[in-house]
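Lettered A, B, C and D in written order, each chain numbered from 1.
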Amino acid sequence: MAEQQETRERWGMVVDLDLCTGCNACVTACAMENNIPWVGEEEAGYGRNMFWIRVQRTWEGEYPEVSPAYQPVMCQQCGRAPCEPVCPVFATVHSEEEQINLQVYNRCIGTRYCANNCPYTARSFNWYDYTYQIPAPMNYYLNPNVTVRRRGVMEKCTFCVQRIRAGQEQAKAAGRTLQDGEVIPACAQACPADAIIFGDLSDPESRVSKAARSQRGTTLLEELGTQPKVTYLKGGGYYGG
Amino acid sequence: MKKTLPWWLRPWVRVTAGLIVLILLGGAVGGIYLTQTVPQQPIQFPHNFHVGAGIPCLYCHPGAQWGPVAGLPSTQKCWGCHQQVAKTKTSPELQKLVAYVEKGEGIPWVPVFIQPEFVHFNHRPHVAAGVACETCHGDMKKVTVAQPIPRQNMGWCLSCHAKQAPEKWTRLSDCSLCHY
Amino acid sequence: MSDTISRRNFLKLSGLSAAAAVLTGCGPAARYVTRRPYYEMPEYAVLGESTYFATTCIECPAGCGLIMRTFEGRAIKAEGNPAHPVNHGKLCSRGLTGVQGLYNPDRIQRPGKRARRGNPTLEPLDWDTALGVVREALNGAGAGVAFYLGLAPDHLYDLVLELTQAIGAPPPVRFGALGMFEARATLVEAVRQVFGEARFPYFDLAGADVVVSFGANFLETWLSPVAYTRGFSQFRRTDGKKRGYLISFEARRSLTSGVADEWLPVPPGTEGQVALALGSLLQSRGWKVPLGAGQVDVEASAAAAGISMERLEQLADRIARAEHPLFLPGGQALAHAGGLVAARNILLLNLAAGNMGRPGGIFLSPSRPDSGSLRDVQALIEQMRAGKVETLFIHGANPVFELPPALGFTEALANVPRVISFASFPDETALQSDYVLPDHTPLESWGYQRTLAGSDRMIFSSLQPVVVPLYDTRATADVLLSAGKLPYNDEVTFLQSKLATLLNEPGVTVEATEIATFWARYLQAGGWWTQQAGLTTPTNQPDLQVEMAQGAAAPEGQFRLITYPTHLGDGSGANRPWLQETPSPSTTVMWNTWVEVHPQLAEKLGLKDDDVVRVTSPSGSIEAVVYLFPAIRPDTVAIPFGQGHTALGRWAEGRGANPAVLLGAQLNEAGDLAYGDVLVTLSPTGRRRPLSRLESRAGVYGEH
Amino acid sequence: MAVETQPVSPALNQPAREEEEALREQLMFDPRPREELNRMVMESMYSTSPRYWVAVGVLTALVLVCLVGMWGYMIFTGIGIAGIRKPIYWGVFIVTFVFWIGISHAGTFVSAILRVFKAEFRRPFTRAAELMTTFGLAAGALYPLIHLGRVWVFYWMIPYPNARWLWPNFRSPLVWDFLAITTYLLSSTIYLYLPLLPDLAMARDRTQGWRHAVYKALALGWRGTEAEWFRLRKAINIFAFAIIPVMFSVHTIVSWDFAVGQVGGWNSTIFGPYFIIGAILSGVSAVITILVILRATLKHMDYFIRPEHLDALGKLVLVFSMAWAYFFFNDYLVSWYGGYEVTRRILTLHATGPTAWVWYCMLFFNVVIPWLTLWSRKIRRTPWAMFIITVLINVGMYFERYTIIPMTLGHQRFPFDWGEYSPRLPEISIAFGTLCLFILLYLLASRLIPLVPVWEVREGQEAHKVVKVGKTVVPSVSELE
């Protein structure tokens, strides 16, 4: 194939809450892939944690019918993202190419306006040079494909854009198009229950498109009109069984 | 009435102000200069000679055709040719190479064309798109050790990307093309 | 270190990439970084691109397949091996943080001798001297040598087993906290009694439609958590089948019970009775349950478990309607005085359901359970105390930390003249050893791990070094082989000789006729396993009957204690900052130990969230922070296991409390610790220490 | 032009004299010779006691330690030393920013709006109010820098052609903010400067040494010719009209920082006027506070600043307090009646949460206190009472911003992610540091800049006369232009 067609993906994610066990493997996987620093006991408890994805655990009902509800929440990669217009320097911008929200760390000046305006609390701020405090040689495992963030910049889930880029690059070098399932973010890759499905929403046959069309599908805070790219499949025993 | 100059016209004020301006300017120039100096290489590698001898760039920097990093040659790669070259025995500069070979060590080259860690550059698409090496790296026929090209900044990247086909601009101007 | 490894010309690291990635970003100082290229480019390396190595995770004995991403000689990221039958590309938090073990700054970097036990400083030793010590120890009276091994890796156990046979020493004791918490010996013993073979059971969750779990935390640490989570995922999926229905009997709503469709908080220790009652009810619904002589008092059992008869009847209806009901005997149900009976009862329910060897049923795992029970450990402690052990080798376990102090291991250790630890980290046991001869960490090691209970087929999962060993450490297998007691040159020859038995087998992933090819392919694939599922169907139908199991209510003022392992595993994960920072799923607490108290109980005791409370059992007492947990029986409290280290490096030390202190030394019939029978009292200390939690207390519980 | 009138003879009948005495309480009807006015103002600038220098020294030290030092330390270690956290990304820094911007409103309001509406009582204190605007802005404008995570690249907010081919995002309220504040700072400084010209010239003519040089340079060669006066009046007039929309825009844009967002409790259409009214309320109160202090500390100020001024300003405060209450009620009612869960929770939290006292203090200081006290003419004319009341109003307004910003941010849509915020030392220190900076600037300016626009006072006094019509004495005002 001499000239490849420029294809444009629309990346999306589906989280099946009926399958999610709440085990937090996605949290750890994300941290290890994306060079997310840990912040220690005191800071983590004071809302300085750097999770790009976190599992919200809420309770439903009263004992003995009390039941935990787990919901992994990450950046929803909104189609109309509230974070984007408020950044004074275009550090968080919409990628027309990938249809996701980008956070350009080296452009960020740290107004934290985007984080205030994010209804999903999906953003984390580097209050200190956390990553630089990692004692050697533990910094050896830092992923060279992901920028190490310095203090004073905002960061958030990128749908593992480095993997998207690598996948596209690999496919292009081989002269083919991306296959469904070829690019998956670290959370979906690790998820032991396979509750996170990732793929191209513009391909109606992709696994994620099929899952997103499920009747159980809902998006978070739909009333805000943010057009999230993440669909949650509601769980619970009210159907089937 | 005593004839006095207003304070801003007094010589010492002007001299001091001039000095401050000079120091600031000098600092800025010096700082910029420091980022653009040619680093000290372990071997004064003559690019001009090798290019002149007809060796393609990709012979020593093969990574450029398939991946992000062009790569710097391993000791064995140099030795592959140089063990057959008579001059290896005589040239003092090449004795350093011999020493590395004997010690079985890699040569600690200092890369010249490097991007900050928040820029993810990939050679392959550029080579595939037919961008010649000298477009970005300068004419290696004219230098011995590689020299940095000043002002290779974001605008410099974009100025070339902007010249591509308009339908590619969305992709080529996407922030996540380089920054993630 | 084996010579074989030098074939890999790994890039020697100097100030390169990692440091470069970390240090640049600002300032002209970072403009130029010396880059040390290869002397000779390895054929597998592509510049600027990652190299992937297949290996096996031995953070727990389950043995999930790993694909390690390495970049310029550094291990970057653990990813699951998609082809591996145990985990199919999936991983848990523990496996994912493997690199934080490898690159842990608190690792023991070279062999050392301790002038005085308990003294944290090690006098450096060169390997020749160290090997001399080992040789001398092994040359002595064989009977005076004892080995204490952890649950992984398997190849080292095989080697030590051969070694002990060769020198006439008692077989190695293999024991770990994870096995203790899942009451492994009880489970295996129950399987032996019911099915005639001492094997691990393999439960086909994926094919079941109703699963009844008796305290099995199969989503957290039980047997092979990733495999069972995968099975659970299949079980729950609705693509072309009915959604699986999970019923859980457990006093505390654990992660597993959390996703259960029905959770019945029965008092710990009554699970066997519930199984009996269910069996009785199911018999009246046409099941052939081997009920014992005499009338089963269903109502009494239901009352003891605190379940209404209607509810129990409904459950029985649901189970009877199911096509593939499955009953799981978990550690919480088995770690009681009547644990073996409970395990048997639950397995007999499977038998009555006709689950043997059918999809959605129960199988016998191919590998031989070679871990011991706590009774074996007790025997070893007796030997040690009696001064009959001259040299104790410890590898892969941290008995000083994880065994209940009531067993007296630490005191018995004082009677052992020579303790040699192979620990990679300065843990509590290494601190009490005379010699520390650090092993490579798993990501630097060769080896294999057999499948445990997480797969439907036989697996030899391969371990290979993904990076050059960082420090002056040496493979324990090589250290032991250096004594010359076994006919192997080094670890790799040992491994190859073991694997040679697998040559020429058809229908397997690695088909080869000679060992070199086999070895290469085996390493590349991440192990050897059969292409087709192959499990033993338990056929033995013994003349066993469901029995009444004991179960007593806790006396007034005392509470049953549940101790459960978290993602810190057997406690060795406590030195991984990211495991510490990963929130506990059900409480979202990070970096500490808490005690889960039901709000009703807390109100009765006058306890508030974040109060420091003293938990006292007959064996000891600890202090922990109260977490008002709405999903636990009000007569039960729970404490997670894994924190409370007094050693093990900067991230583990002095953090939280170790509930092992509270566990007594009572064993059940199968020789497992009856930790479920421990009764504790709570007394406020008057201090407060806010727990670090992800959740907002105000938002979730409405407290301010 | 001045109307020809006969000066009233003091030897008139009793009632008329009493009335006249009553009128003489007003500055406009208590004229003094031009030279004496000038002398009084100059004296107030020259008279420095040791206490003054001690105050300057202490304040300088405080600014250096609390503001410069702490800010430097924060830049060095990271903004994490402040108490802000997820999800309360904006805390005391932004609160104080809004506070100072609010304070800075009154200068323009008092000066420009009152000038446009020809409110005569403005004359003696326009300068003081304008200075407050400029210094308030100077203190407030630091905060957008202080609160940045990476202040060293703040210039990326400035639109200029650069090597990155990047512009600031003009869709971002922060860029509007940046532009609005720069515009306001620039225009309010010019607006401060223009009426200052005749006074600087007056000072130039009465000083020697470095002061003379400075005033000479600053006075731009003002000679007081008719043409100059004509142009100056014209310029001031144009500016007075032009700066009003700028002033309204600034605080509206500050309110848009919040109102255009998604944050529950913020996106309210009424925030623009609500913020402006709040700003004017706090600003006018601050003017009163400052006038009381000036009157008590500066020489001859009791001549220029009289109870009548406090009285007039007090009435304004009362009106704006009512207006503020109206907007507050509007905002509250709509949120409450709307019943949207997020705002409902936030309103509940404000009123019943652990920091509800802040909310109650806000209402008490902003509504209850002024409504109870400012009706009384006597209280309005009592300097110390006005001082206490206006300080409390500013505390209340600070609490209002605190309620709106961190207390609202902490309780957004996911209760799981709520957070509690309490300011830490660096934030308090920096906020206190800017207060010191403001006072210090004012203190220095009080000895450098004529704090009373002499020419305006004189102009007013020339235009005001006490005229006797029949047996009664009436004030008369003539148009000057």
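Please note the rule applied: a residue touches a chain if its C-beta (ideal position, glycine included) is under 8 Å from a C-beta of that chain, and two chains touch if they have at least 3 such contacts.
Owing to the predicted nature of the structure, the values given are computational and were not obtained by experimental measurement.
Trainee: By Cα centroids, which chain is closest to the centre of the whole protein?
Mentor: Chain A is the most central one.
Trainee: Nearest whole angstrom, what separates the Cα centre of subunit B from the Cα centre of subunit C?
Mentor: Computed from C-alpha means, the inter-chain centre distance equals 52 Å.
Trainee: Between subunit A and subunit C, what's the gap in Å when you average each chain's C-alpha atoms?
Mentor: For subunit A versus subunit C, the centre distance works out to 30 Å.
Trainee: Go ahead and note the Å separation of the Cα centroids belonging to subunit C and subunit D.
Mentor: 67
Trainee: So what's the Cα centroid distance for subunit A and subunit B, whole Å?
Mentor: Once rounded, the distance between the two centres reads 36 Å.
Trainee: Specify, in ascending order, the residues of subunit C that touch 2 or more different other chains.
Mentor: Residues 21, 25, 694-695, 700.
Trainee: Specify, in ascending order, the residues of subunit B that touch 2 or more different other chains.
Mentor: 66, 116-118
Trainee: Show the residues in subunit A shared as contacts by 2 or more other chains, in ascending order.
Mentor: Where subunit A meets two or more other chains at a single residue, that happens at 46, 49, 56-58, 90, 107, 144, 148, 150.
Trainee: Draw the chains as dots and join the ones that touch; what shape do you get: line, ring, star, complete or other?
Mentor: Shape of the chain contacts: complete, all pairs touching.
Trainee: Applying the document's contact rule, which stretches of subunit A touch subunit B when the two form their complex?
Mentor: For subunit A paired with subunit B, touching residues are 6, 90, 93, 95-98, 100, 102, 104-107, 144-148, 158, 161-162, 165, 169, 172-173.
Trainee: For the complex, which residues does subunit C have touching subunit A?
Mentor: Per the touch definition, subunit C meets subunit A at residues 13, 17-19, 21-22, 25-26, 71-72, 74-80, 87, 89-93, 96-97, 99-100, 102-105, 219-220, 225-226, 229-230, 232-233, 236-238, 242-243, 245, 253, 255-256, 258-259, 261, 263-265, 470, 567, 577-583, 585-588, 590-592, 598, 600, 630-631, 634, 655, 690-695, 700.
Trainee: Quick check: in the complex, which residue numbers of subunit B touch subunit C?
Mentor: Subunit B residues touching subunit C: 31, 34-35, 39, 62-63, 66-77, 100, 104-112, 114, 116-118.
Trainee: If you look only at subunit D, which of its residues touch subunit C in the complex?
Mentor: These residues of subunit D touch subunit C: 353-354, 411, 414-420.
Trainee: Residues of subunit C touching subunit D in their complex?
Mentor: The touching residues are 694-696, 698-700, 704.
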